[in-house]
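Which chain is which? They are A, B, C and D, in the order written, and residues in each are numbered from 1.
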Amino acid sequence: MSSMVRKGLGYLSLALMFVAIFMVFDWVPTEAEQGIAQRIFYFHVPCAWVAFAAFGIVALAGILYLWLGERMWDDLGYAAAEIGMVFCTLVLLTGSLWAKPIWGVWWTWDSRLTTTFILWLMYGGYLLLRSSADDSPQVARFAAVVGIVAALDVPVVIVSVRLWRTIHPAVLITKTGEHGLEDPRMVVALLVSLAAFTIFFVWLLTLRFAQLRARTRLHRMGQEIALAEMRAGDR
Amino acid sequence: MAAFAAILRKDLRLELRSGESTVALLAISLLILVVMVFALDASRARGAESAAGALWVALVFSGMLGATRALLAERDNNCIRGLLLSPIEPSTLYAAKLAAAFIFMAIAEIGSVILMVLFFNLNFDITLIRLAPILALGTLGFAALATLLAAISNRTRMGDLLLPILAVPIFVPALIAGVKASASALGGTPESAIAEWLKILIAFDVLFVTAGYLLFEYVVRED
Amino acid sequence: MAAPVVETHELGKTYGQHHVLRDLDLRLLPGRAIFIVGANGAGKSTLLRILAGLSAPTAGRALIFGLDSRRLGPRYRRRIGMLAHQSYLYPNLTARENLEFCAELYAISDPRGSAARWLERVGLERFAERRVRALSRGMEQRLAAARAMIADPGLLLLDEPFASLDSEAVQIIMSLIREAVARGASLVASAHVVPEVQDLEFEVFDLARATLTRRPPTRDSADAGRIARLRSLLGR
Amino acid sequence: MDHFTFLVAAYAAIFVVIFLYVLFVWRRQSALEAELREMEARLKELIESPRSDEELPSRHP
């Protein structure tokens, strides 16, 4: 992606972000049952969406890397995992800040929270793996495998956690995730936030991806220079 | 198939000779059960549920050890390289290592179940039989996952510390299903209540045995 | 002319920015032998690991039996025998068990018989039931040589096969190598000095500064070979 | 704490975390640029060294 387009995306997401914030704080009506804290939802949901999309890309990039063996896919997977982790952290943070006023607790083992938390742990492990070994094709393969395995696990996690929570109904959960968006303005605010975050995500991902690509190319160039230096030294 | 049998036989022979892994696995299981007894106050806690929980904690930890040990056997004299050079497929090697880890874990679990009955004041009766398929499925799933991931953690700077960090979160669904199913089995609930959990365990096993079989090649390879 | 067993084209291997090997062009025909001579850490092991298909080159490629070294299927891996410092033997298995296990891996029809035969060939029949951990370094390396050759490989890769061995082990391994080459196997071996190998014609390459240079056959080495042969005829 | 505090805290958290991440990306960028400059210096030295003009590394596509 050309840097012009990327720059444009950056400004667009920034502008949309401001619009979304204005909407959330000043424009949408307050939800009747949950009160003002419900407004966390407008940014909470886009964060979750971005995190899931990013983790999906990690798995896809992993498959492509193992299949095609091109370094590019490894860079993409790394960039996506990092960003996914940032947004997954945000989902947990905002979820917690929402749970406290509404349910009276910082944390509850509700099915969505639990699933997100498990994802956070899995991809935390993935990033730890990446940082615990040098930058080599071997690590790229390891990361690809872990990325794929983690993604395979997601459906099983969702099903099992849901079953776990329905069999043991928690006392705390009164009116769980059923967000009745009764006012059309709520829907608009959510859509604007979603757009803002999606574009922001694309911007961030392409930025980080381009950076990792540049690093890879730089390393390759360094290799060639080292080779030329050796050749020059031969005479 | 012949190569699979040869590797498994070799691993079992090595194990019979030293007995290191089994003893270590049993010791870990025993210690975990002891810790759980004190942590949960076995005399007061709801027997079946705490016992099931303790049993699965022991399974997870002994499993990590079991998978690591099965691969560790190849580390002396760089035997793993000998296997990579030989005309066997990496997937065959995976299958053999998975089988070895499964057997080590199964032995440790038989020990854990006996200890669990004693420590948590349960009865040796027919309900224990109902645990067998649940534990077998959980063990297979964990062995499948840990064998694949141990081959990775083995060769990173963090070493075996990385294994639990990678394996435990991914194992969570099977853990939930396993603990719930075991508690129901021990508590004497009807089979139908367990069926849902067994389905999750089976799905987990199918998924991860297949994934390990297909992906192992990429993790055992040298650089 | 027969197709080469090993052929590399501008082969290179880099770790980070460190070039271990660069622009290696090597050709090895069936029944021929090459010695690669270089100091420790010159990249000899790396080259052999690449030829064995264990390691991927970062530049160029290596063809083994005409196939890319990274895509050697079981059929081709079966035809490569490798002997290195590490013996690939299980310390807690006996000598016989190790060979039998290896024979099973290589799908040899009579694992027991061939293990027994090879134990005899490396002079370890008396130690068949002894665990590898209790063998001396020389005996272990003899057993490792048997392991490497049990499937009659067409390509032998030997990484410093004689390093720190007693003379008996050197003799035994040397005669196995000679037999294999006489039978038509090709050989790539590494060493840090030119070895005195009797009755074996080989080319010498020097590996230094990450490149290979062919050493012209000097009179010295030819003489040394002739003298050694004479000596062996005269019984020393 | 009233609900409004939580709302503000949540949005503050979002922007702080994102800001920190962008900062991290930005610092990587400067590190990369430093590396590039170092490489350029090496390349220059190589070009200027005598008798090596035909030994330039091939350009990457």
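Just so it is clear, a contact is a pair of C-beta atoms (placed from the backbone, for glycine too) under 8 Å apart; a residue touches a chain by one contact, two chains touch by 3 or more.
Computed from a predicted model, the values in this text were never measured in an experiment.
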item: Pair joined by more contacting C-beta pairs (A-C or B-C); value: B-C
item: Distance from the mean Cα position of subunit C to that of subunit A, given in whole angstrom; value: 51
item: Centroid spacing, where centroids are CA-atom means, of subunit B and subunit C in whole angstrom; value: 40
item: Computed distance of Cα centres, subunit D from subunit B, in Å; value: 43
item: Subunit C and subunit D, separation of their C-alpha mean positions in angstrom; value: 47
item: Subunit A residues counted as touching two or more neighbouring chains; value: 137, 222, 227
item: Shared interface positions of subunit B, touching two or more other chains; value: 222-223
item: Overlap residues in subunit D, where contacts from two or more other chains coincide; value: none
item: Complete list of chain pairs which touch one another; value: A-B, A-C, A-D, B-C
item: Subunit B contact footprint on subunit C (complex, rising order); value: 49, 52-56, 74-75, 77-78, 80, 82, 86-93, 97, 101-102, 104-107, 132, 147
item: Complex contact set, residues of subunit C against subunit A; value: 12, 14, 16-19, 22, 56, 58, 209-211
item: For the subunit A and subunit C complex, residues of the former touching the latter; value: 134, 137, 219, 222-223, 226-227, 230, 233-234
item: Touch list for subunit A against partner subunit D, complex; value: 21, 24, 35-37, 39-40, 43-44, 47, 83, 86, 89-90, 93-94, 97-98, 100-101, 204, 207-208, 211, 214-215, 217-218, 220-222, 224-225, 227-229, 231-232, 235
item: Complex interface listing, subunit B residues touching subunit A; value: 145, 148-149, 152, 155-158, 162, 165-166, 168-170, 172-174, 176-177, 180, 196-197, 200, 203-204, 207-208, 211, 215, 218-219, 221-223
